[in-house]
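Please find one structure pasted underneath; my questions will follow.
As written, the chains take the letters A, B and C, and residue 1 is the first residue of each chain.
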Amino acid sequence: MASIQATRATATGAPTSVSVALAGSGGAGVMTAGNMLLEAAAQAGYYGLMTRTSGPQIRGGEAAAMLRISTVANDGQDDRFQVLAAVDWQNVGRFAAEIPLDASSLILGDPDQGAPPEVFLKTGAQRFEVPFKRLAKQVSGGWPNMVALGVLAGLCGLPEDALERAVSRANRKGGEALAASLAAMRLGLEQARALGVAFTLAPPQPGPGRWLITGNEAAGAGALRGGVRFVAAYPITPATELLEWLAPAIGKVGGTLVQAEDELASINMILGASYGGVPSLTATSGPGLALMMESLGLGVAAEIPIVVVDVMRTGPSTGIATKSEQSDLNIALHGMHGDAPHVVVAPNSLADCLAATQWAVGIAESLQVPAIVLTDQYLGQARGVVDEPARAPDLPARHRAETGQPDYRRYALTEDGVSAMAIPGMAGITYTADGLEHGESGRPSSQASDHAAQMDKRARKLAGFDPGAYWASVEGEGDTAIVTFGSCTGPAREALARAQAGGLNARLVSLRLLSPAQPERLAQALEGVSRVLVLEQNHSGQLLRHLRAEYDLPGEVRSLRRAGPLPFHPGEIHDTLLQWSRA
Amino acid sequence: MTKAAPRRKPARKVAARKAPEQDAYADFMARAYAMELEAVERYAQFAEQMETFNNREVADLFRKLSHVESLHAKRILEEMNWPSLPALPPAFAWESDEAPETAPFDDMHYLMKPFHALEIALECEKRAVRYFESISKARVPERVLAAAREMAEEEREHVRLIEAWMERVPKPAADWDRDPDPPAITE
Amino acid sequence: MNAPDTVALVPKDFKSDYKPVWCPGCGDYSVLSSITKALAALQLRPENVAVVSGIGCSSRIPAYTNCYGFHGVHGRSLAAATGLKAARPDLTVLVASGDGDGYSIGGNHFLHACRRNVDLTYIVMDNHVYGMTKGQPSPTTEPAWPSKLSPEGTGLREFHPLVIALAAGANFIARAFSGDPNGTAALLTEAIRYPGFSFVEILSPCVTFRPEQRAWKEAVRPTPVEPTDDPARAARRLITDDGFNIGVLYRGTRTPFGATARRGNAAPESLDAAFRFQEAS
């Protein structure tokens, strides 16, 4: 893998991307410092991405903030971390798989806190001693994490003024606490200079309108932009932050959020609210989605638009609740009993969580159908400096009936399958929304003809839907293609860029619309392709099976997959492409 | 089963201001009308139930009963010459469980025979008699008293008619409600 | 009595032309009649009323009314109704359920709907049996009642819905009997008017699987005491109650859910400022 350098150098030799991790036990404040470092990078005009990991303790456990700071936007982690700094080493060894190091990496540890775990040392990384705690004590009220912040920022070459702004914004009260933080941070900067090593980044390429946001927040913002004004949900990791962002936000735009007693309630609450004419959404993760399945079917049968954001985590069962996996694809596509046509959408970057969720609301509303948005823990909980997120394509609003409409039939068999929806309060067109099979009027019916007609109607809505160019991100040229979705897209894109730099051209197809399938569009996107690499983060190859079932894939097809929680790195994808190209 | 000939009586419009007696009379007639209306609806519902359960014979009988009550209701309307429906007393403002002539739902059975239907109707007519008798014994304006007596007599006539009718239909066998098949599962 | 020109709504205006499939003699016919009488008494417009239900005999009610109906999945009617009312506080929302739908599969939602105190009227037609699946014991079935699924009886003590409702925070608690449609209509009228979560348990005999319940007619009696707003007194009464006292048993004073909510009218884009770190600095 010599061709894959974690820090690709510019012509001047300065790296365009640096990855650093800061670890420590509870109370050390590594997340606070990490957030400040990300903010400082943003202030300095860099892009950034921060993910986090922690032990199983609710509070006080070991934790690590993992950052990538770069001159170009990146949606994924790099192959290696250049720096691992730890305020202390207690149990930090458990993060070895998540913080890969190599001989070019640096390990910074406080000598008073013992030696770094062997698992890190054996990578051959260079070891430096920085007495974070003692240094912090030089400042009245100083904290070791602020010293570490200064050291890491110094190693990356972040300007001091950007750091000062970030620290000030985090200490809005100012006063002694701010002064102490700034002083400790400056001690750290001095230490970095004293180390005699650096990964000084290439100059930033500042751009206007950048955002600092998590995927979960972006999904929440997209929901409101799509028109969602009612949310009901039950807390679940890693979707809770989405709800916590929405709770105050939805009130400001005139909506309501209800914390439900369980997911059975939350899905039915949003069905009730949307039946009442208010676009509605819930957010959950795998276990919650499983509980919602029966009622999602009601949304299909009664044609009530709703959106469920599933922030996927490692399954089955409780799995690894805090970590990522793309293993809910099967249940999202096929979890309902009966034939239940519905929509499944997957954002393919942190920022795309906004547009994809907005789009899902639009599709749900215009087709009167449930839509599932598949994000994952990685996209949802990562905080990034991103270009201002794009907006979703516009879609027609929900087709409402007219008050007093003569011969109104809620489930009329229209050409496109979409029929006018009466909303409570409209006189003369009352009807009963029913999960029982029904005729056009909505009356329950056990007639084969009604069943067939309504099944056709519900399928027709999706078959006739034109997603436009937004159905997938199709990028690049070449006779090899990576087909993927969701959080695998970032690393895949980076792998393709490296391949291209090495003279190997390949395409990327990142499916945003997973259901209804778009066989003609994919066939067009893969025209001339003879090798298809299907990339996904789950154990059984759920995307591969989906593609095999719904599409004709050209040429030879290979699967690159593994279960969560470790994200794919660009290097291993690039490596796979290279090996295949030489085969 | 027919009702007595229509009573001739006030073809007068209801004035904006009325004497107390006139108010009481209109009120009484509105209640009588509401009572008939409920009976019309309930028998129609019973007919529908029996249709749903393929008991045509009893369905037809209930339809007849509903029709008869509707004639009575219509006559009250004509007699009062109301320009539109009066504001009826709240549907449940009766001393008894429902309006006196309204048959209860719980006497129904899908295998019931015409005899059972007539038993239900007989009870209703008897309750109606008791209701009008109670009014004609109460302290009410003369005009109301006269109307209540007249209606009580009408209902007594109905009781006699239904009793005669019951003589003409067969008595149900002891095992009239026997069904060799178990209930069906519907959902 | 005048002959006014305004056309007042009568119970029939709240009935659809869709014919019930309940067994003749079923108490639910009466309950349907009582609901339409109550709605007429309140002079609500059918289009401003939603009737929400789950699965079971009683849950068939929505389509038999001329109101907006929602016939959802088994046990979740309270959740759907909560969402509807929270999103559309202008509507009058009734929830129709049974002892299986409401107390067994939907039991958790019952607790939390009482706690949440959303302004709903929850009407449970209790016949101590699952009718639609042919006569299995429900949470309110007597422990010794034999059935195909539990030939020796369940041996389980009955669920006491009124005590549970009180303990969980329901704001209005009443018991009605389907054999008294006018009394039931009057109770429903009061329940619909009453702010917060109103729970009306209606004894509604199943003539097919529990024909012995025809005798309930003799067992029921008006509750001998006035309703109280004191939960402690209500608890004492309800816990010793034999299940046949009819009337309003508790009128609470809790503020309904969402009554104090303030809703803004900002554009969603106005929230973007928090993410634009440059402008925010």
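A few points about this structure:
Here is the rule we use: a contact is a pair of C-beta atoms (placed from the backbone, for glycine too) under 8 Å apart; a residue touches a chain by one contact, two chains touch by 3 or more.
Quick caveat, the model's predicted, so the values are computed rather than measured.
Chain-level centrality, scored on Cα centres against the all-protein Cα centre, points to C.
Of all chain pairs in this entry, the one linked by the most C-beta contacts is A-C. Averaged Cα coordinates give chain A a centre that lies 42 Å from the centre of chain C.
With centres taken as mean Cα positions, chain C sits 30 Å from chain B. The centroid of the Cα atoms in chain A and the matching centroid in chain B are 69 Å apart.
Residues of chain B in contact with at least two other chains: 187. Among all residues of chain A, those that touch two or more other chains are 436. Not a single residue position of chain C touches two or more of the other chains. Remark: chain C residues 18, 45-48, 50, 52, 62-63, 66-73, 75-76, 78-88, 90-91, 108-109, 111-112, 258, 261-272, 275-278, 281 touch chain A in the complex. The touching residues of chain C, when paired with chain B in their complex, are 1-8, 10-12, 19-21, 23-27, 29-30, 33-34, 37, 40-41, 55-56, 132-135, 178-183, 185-186, 205, 207-209, 214, 217. Those residues of chain A that touch chain C in the complex are listed here as 39, 42-43, 165, 169, 208-213, 217, 221, 224-225, 229-230, 232, 249, 251-256, 258, 260-262, 264-278, 280, 294-295, 297-298, 302, 385, 388, 422, 424-436, 442-444. On chain B, the positions that touch chain C within their shared complex are 14, 23, 26-27, 30, 37, 41, 45-46, 48-53, 80, 82-88, 90-94, 96-98, 104-110, 112, 182-187.
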